[in-house]
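Naming follows writing order (A, B, C and D), and every chain is counted from residue 1.
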Amino acid sequence: MLFGYSFSDLGSILVMQGFSGLSLFSVLLLMALGLAIIFGQMGVINMAHGEFMTIGAYSIYVISKITEQYFPGFMAYYFVVAIIAAFVIAFTVGYFVEFLLIRHLYRRPLDTLLATWGLSLIMQQIFRSVFGGREVSPTLPDWLMGSWAPTPNIDIPINGLFVMLITLVVTAIVILALYKSRWGLKVRATTQNRMMAGAVGINTQKVDRMTFAVGCGVAGIAGAAFTTIASTGPTSGSTYIVDTFLVVVFGGAASLLGTVASAFTISQAQSILTFFMTNAMGKVVTLLAIIVILMLRPEGLFSSKVRK
Amino acid sequence: MNTLYDRWLGGRQGAIGLLLLALLIFIILPVFLDIYRLNNVGKYLTYAFAAVSLVMLWGHAGILSLGQGIFFGVGGYCMAMYLKLEASDPASTARQTTPGIPDFMDWNQITQLPLFWEPFHSLPFTILAIFVVPAVLAYIVGAAMFKRRVGGVYFAIITQAIAAILTILVVGQQGYTGGINGITDLKTLHGWNINTDSAKYILYYINGVLLVGVILLCRYILSSKLGRLLLAMRDKEDRVRFSGYDVSNFKIFVFSLSAIISAIGGAMFTLQVGFMSPTFVGIVPSIEMVILAAVGGRLSLIGAVYGALLVNYGKSAFSETFPALWLFLMGGLFIGVVMFFPNGLAGLYQTYLKPSVDRFLDKFTRKSSAVKPAVLSEKKEVAE
Amino acid sequence: MSNTDFVLAIEDLTVSFDGFKAVDGLNLYVDKNELRVVIGPNGAGKTTVLDMICGKTKATSGSIKFKGMELTKMAEHQIVRAGVGRKFQTPSIYENLSVFENLEISFPRGRTVFGALMFKRTDDVDQRIHEVADMIYLSDLLDKEAGLLSHGQKQWLEIGMLLIQDPELLMLDEPVAGMSVREREQTADLLNRICQDRSVIVIEHDMEFVKRIAHKVTVLHQGKILSQGTMEQVQSDERVIEVYLGH
Amino acid sequence: MINKTDSKVWRSIRAAIQGLTLSSVLIASAVYAGPPTAEVNTTGLAVTDDTVTVGILHSLTGTMAISETGAQEAEKLAIEQINAQGGVLGRQIKYIQEDGASDWPTFAEKAKKLLEENHVAAIFGCWTSASRKAVLPVLERDNGLLYYPTFYEGLEQSKNVVYTGQEATQQVFAGLDWVAKNKNAKTFYLIGSDYIWPRTTMKLARKYIETVLHGKVVGEEYAALGSTQFGSTINKIRLKKPDVIYAAVVGGSNVAWFKQLKAAGINGSKQTLLTLSVTEDEAQGIGGENLKGFYSAMKYFQSLDTPENKAFVAAFKKRWGADAPIGDVTQAAYEGPWLWKAAVEKAGSFDTDKVVKAEESGTITFNAPEGMVYLEPNHHLKTRLRIGEWRDDGQADIVYTSPYIMPNPFPKGY
């Protein structure tokens, strides 16, 4: 016996905790991916990133309502379409935000931080006046609900599995895009040397705008995933922003793989801890650990030393 | 050289600015506002401490802390703990399971006062703590980060995370902290009822005097070589380092200083509002403190005060009349200040008002204002 | 072996970034009052060597001894206080302070927090600042905002900010970059004057200038010493001609 | 749903118009002029010969706005109905509404304004304990009156406050008795949000379960306010297999909590869950499908089938629109103005001290939608507790009604 659980229990605890850690991991990672692209590649602190996630969540909600109203027969499949829509909408908004706001603030990271915070306030208020302050949640297709029980003690929620699937796919796409595609090449070139990139004929402005928009789009997908585990309110996204930033910084701003690794570490640590201590303490301990590690290793866990 | 005039008051410009501010705080507002509104102004002025601290830390030293709320809170909670202990004497808490301890502890099945509360029975200790605790906290955080050259964005994010942690802790450990409700129902300071009108007037004036005092102190520091070093560090850190200075020590110093200043504000907040709760120490208030400084002009100490007054007044005025509009306005404020008025009110004053003010003043004062370089450089900064 | 008679003794110094060895087993000795010029093609590791001497970059292995003190173990500000001054490639001065303040900040007193707070602008400070200002040809620009100086004047100002600390070893990274011919001559005189009572290491590309000042020249290539000696010796070295003077 | 807000706007506009016409008619038809002002108001309250001013203080903005909407709507309805019957002591009630903005100091600030600038005779308002705690010192200092509608943790009794919601013991014990008897529950899992109300409630519950029901608490935990991660909790529950999940989760967390329960296959048909924090208001946000078969312990449910309630529901829907849900707190808020009226008329004066004396006389009653309620000398109401079983349409079937329960804000031995 340990903590009053039998060892077989502890076994299933580990499985299920590991799993609920994984679903936290999914949301964190999807959020962090977008942020890592924006922060890591462009050095922009996007405090409104959470609100882009919220945009995604509300998109799902709206679409589910529309489907319910007009194409009830389509109910089972709408979610897949909705995810893409969530991406597109968040992407578009991000595109304009970059054009109107961000591009005027490059190389002033601390100022982008303040400006985007202001942006987040405005977006939250827009959500509130459009959708009302009450928490809303889309009607999920039935196949997303319920759970899968390999053993009587172990019980894995389907929506969790689904979210994880999305996460894997998106992560793969983003990483491929960044390291294999022409666009990725331009992005990395621009990050490393804006002037040279410009000199060799890369339209850095365009690259920046795309990068930012893609980052936001991914956040939109995060929102979509989020709706399957919790409800959506005007401030849903903002509750994740700090954790997300820690994930990115912890992973070493520049490297996406680092982001993945750190998202995994953090979410697992948190979920295991919250099982054995109180909710709040679990979180506190995790955050503290991150900060301490960051102090010992400011450049982040997984980034390599670079010549300055 | 005339140290008092030039260094403490900051030359003619500084002296005038300070005079006007003092006039506003000590005479105009008290005359024209009833005690209820004056008490609110007093509340706004406690945020001014945080704003001033950010002018030093962010404006001059280029270190953006998103955690000033932490120190504001530490100061506030220290004061609140003392007042709470005084308010929970056995007589007035007779109804509790354990009389003599704060009510919220009783509700959380705590049967005796936690050790770290004990010393807060003493007022001197409390006042000491208001200065020392934030300073030590800031020193630890600062030493850990600045020695390792963690700066800029990373510092901002980490301080924000620390703010988050503290909020979670305060809310989670409600047996010791009062949780989300905070420490409420505070009555007397060393036997003196802080809820009477006369008390509120007195507290308002104490607050004002402290604020002016802090501004003078900051002026003095900025006009010293230390002040010039801060600017130098902000712009060319390496050069300063390779001129034989241990940059981190200077950063730690200014961070700790800013922590103490904010804490004073927090303590005065508790005294004037009558309670303290986590809602004033978290992430959001911390960022709002930054915007106060930004609106005032991140390099102007006086500006910070006006920023605090203006934004907070706007907040309560607007949130009454057009609640929805207020958030838009606040958001717009952040964006606008960053994009169009990076030097805030002070900047506007420099560009539009100052010339005419100078002409006006020169009529009266014979001696042309021979401002010391320190002040000079600040001017240039602001005018940029 | 004893290397205490050298002001600076670098022994098999190596630094590598992700496997790339920017400096590779370097040995370098600088005498008292010597003016040493280090030349070499781009990426030869010249700047990196200076960075390591002044502590900006930490060595992977090897030792740097300054008057017998092991610099690799010391923090930047300690190295400076020990008497090593370093000028950066692009002039690094406080643009929005006056020339006077620039020099004042560099004045080696009140280097602790409270020292700086209590620092008084006494006559000796004033005097010293004017003295240095004269050396660097800026005496009538003392109240000018440093940002408004010409590129060459900025270079001088930065040199002045080092001189005022009276270091025993002065390291200058491309001091005449972007200077007019007239300014170059003035700078050459300046350097010749200041190396009377201290050692100086200069990194420079302009051969004419090097000729005018160098006591001894060290040629770096791919982090190693390619050749060393007087200007003439070096110039007659085929390997050097091949990798460097060749193009 | 996009036009949800329009409908909201419409509601308020319609409301405003109705309000105007209504009150104007009434002032004309005020039956008799009451006693002279000098007699009924010796402390300089805002009382004229034909009007008396009160304050309404709830959050219209911020995170709490949603929860508090119903309460302030109910208070306005009550005031209008009272005016329609001729007002209080022959005076029409006028109200000044202030926005607490979900921010505790703002509540204190506004309360101070209502009392010191507007000299209101009474304040109807507050929702969270935190806001009440913030207002309390102001009330006691300026000797004001507050009618507080929310069910809360108890442990408080101020002469300046009337608590129209249930204090913890009223909500907890009877409910536990019921599950123990009807579900013969022996093991309980306690989960709440991490603040004073759930903690106090659970403290009482644990004690009662262990000492009175001789049951076992197999788990007790608290989720950070606003947290949306219940994976761990649900896993623990699954391992402990409690007979009853006893929940007091609030706000946004509430939705995530029930959603994740459903996703984990824990639903009303398999598991008994009794919650203290779900009224019709929350049900709308959570969604009936996630609640079906779970139980709430409240003193009032909208579905209550009595003439008084039918009339109240009809009036409320007419006034505030058909889609407005009516929860426990809304109904409790509706009781506020009526109880105040009764107290004032018993005192024959608006003076706070006299009204308080009347309140403490133990004779103030009101035939509320929930049934007869009795204002006890300890400023709380003697009421009944009901257990509602949730349907998927967001309404609850009342499966149990307790006998009257004396309010006991300071339970001994707990």
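Just so it is clear, contacts are C-beta pairs under 8 Å (C-beta built on N, C-alpha and C of every residue); 3 or more make two chains touch, one makes a residue touch a chain.
Heads up on the chains, UniProt names are A = Urea ABC transporter, permease protein UrtB.
Here the structure is a predicted model, which means the values were calculated and not measured.
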> Which chains lie in contact with each of chain A and chain C?
Replying inline: B
>> From the centre of chain A, which other chain's Cα mean sits the farthest off?
In response: C
>> Just to be sure I understand: the centre of a chain is the mean of its C-alpha atoms, right? Then which chain's centre is nearest the mean of all of them?
In response: B
>> On a C-alpha centroid basis, what's the spacing between chain B and chain D, in Å?
In response: 38
> Once you find the CA centre of chain C and the CA centre of chain D, what distance in Å lies between them?
Replying inline: 76
> Taking each chain's centre as its mean C-alpha position, how far apart are chain A and chain D in Å?
Replying inline: 38
> Considering chain C alone, which of its residues make contact with at least two other chains?
Replying inline: none
> chain D: which residues touch two or more other chains?
Replying inline: 194, 222, 224
> Residues of chain A that touch two or more other chains: which are they?
Replying inline: 129, 278-280, 283
> For chain B, which residues count as touching chain A in their complex?
Replying inline: 58, 64, 144-145, 148-150, 152-154, 156-158, 160-162, 164-165, 168-169, 171-172, 283, 287, 290-291, 294, 324, 327-328, 330-335, 337-339, 342
>> Help me check something: in the complex, which residues belonging to chain B touch chain C?
In response: 221, 224-226, 228-229, 231-232, 235-236, 238-247, 249-250, 253, 373, 376-377, 380-381, 384
> Which of the residues in chain B end up touching chain D in this complex?
Replying inline: 34, 36, 39-40, 43, 95, 103-104, 106-109, 168, 171-172, 174, 179-182, 184-187, 195, 273-275, 277, 279-280, 316, 319-320, 323-324, 326
>> Going by the contact rule set out above, which residues of chain C touch chain B in the complex?
In response: 54, 56, 75-77, 80-81, 85-86, 88, 92-98, 100-101, 104-106, 108, 110-113, 116-119, 145, 158, 161, 165
> Which bits of chain A are touching chain B when the two form their complex?
Replying inline: 43, 45, 101, 104-105, 108-111, 113-115, 117-122, 124-125, 128-129, 242, 245-246, 249, 278-281, 283-284, 287-288, 290-291, 294-296, 298
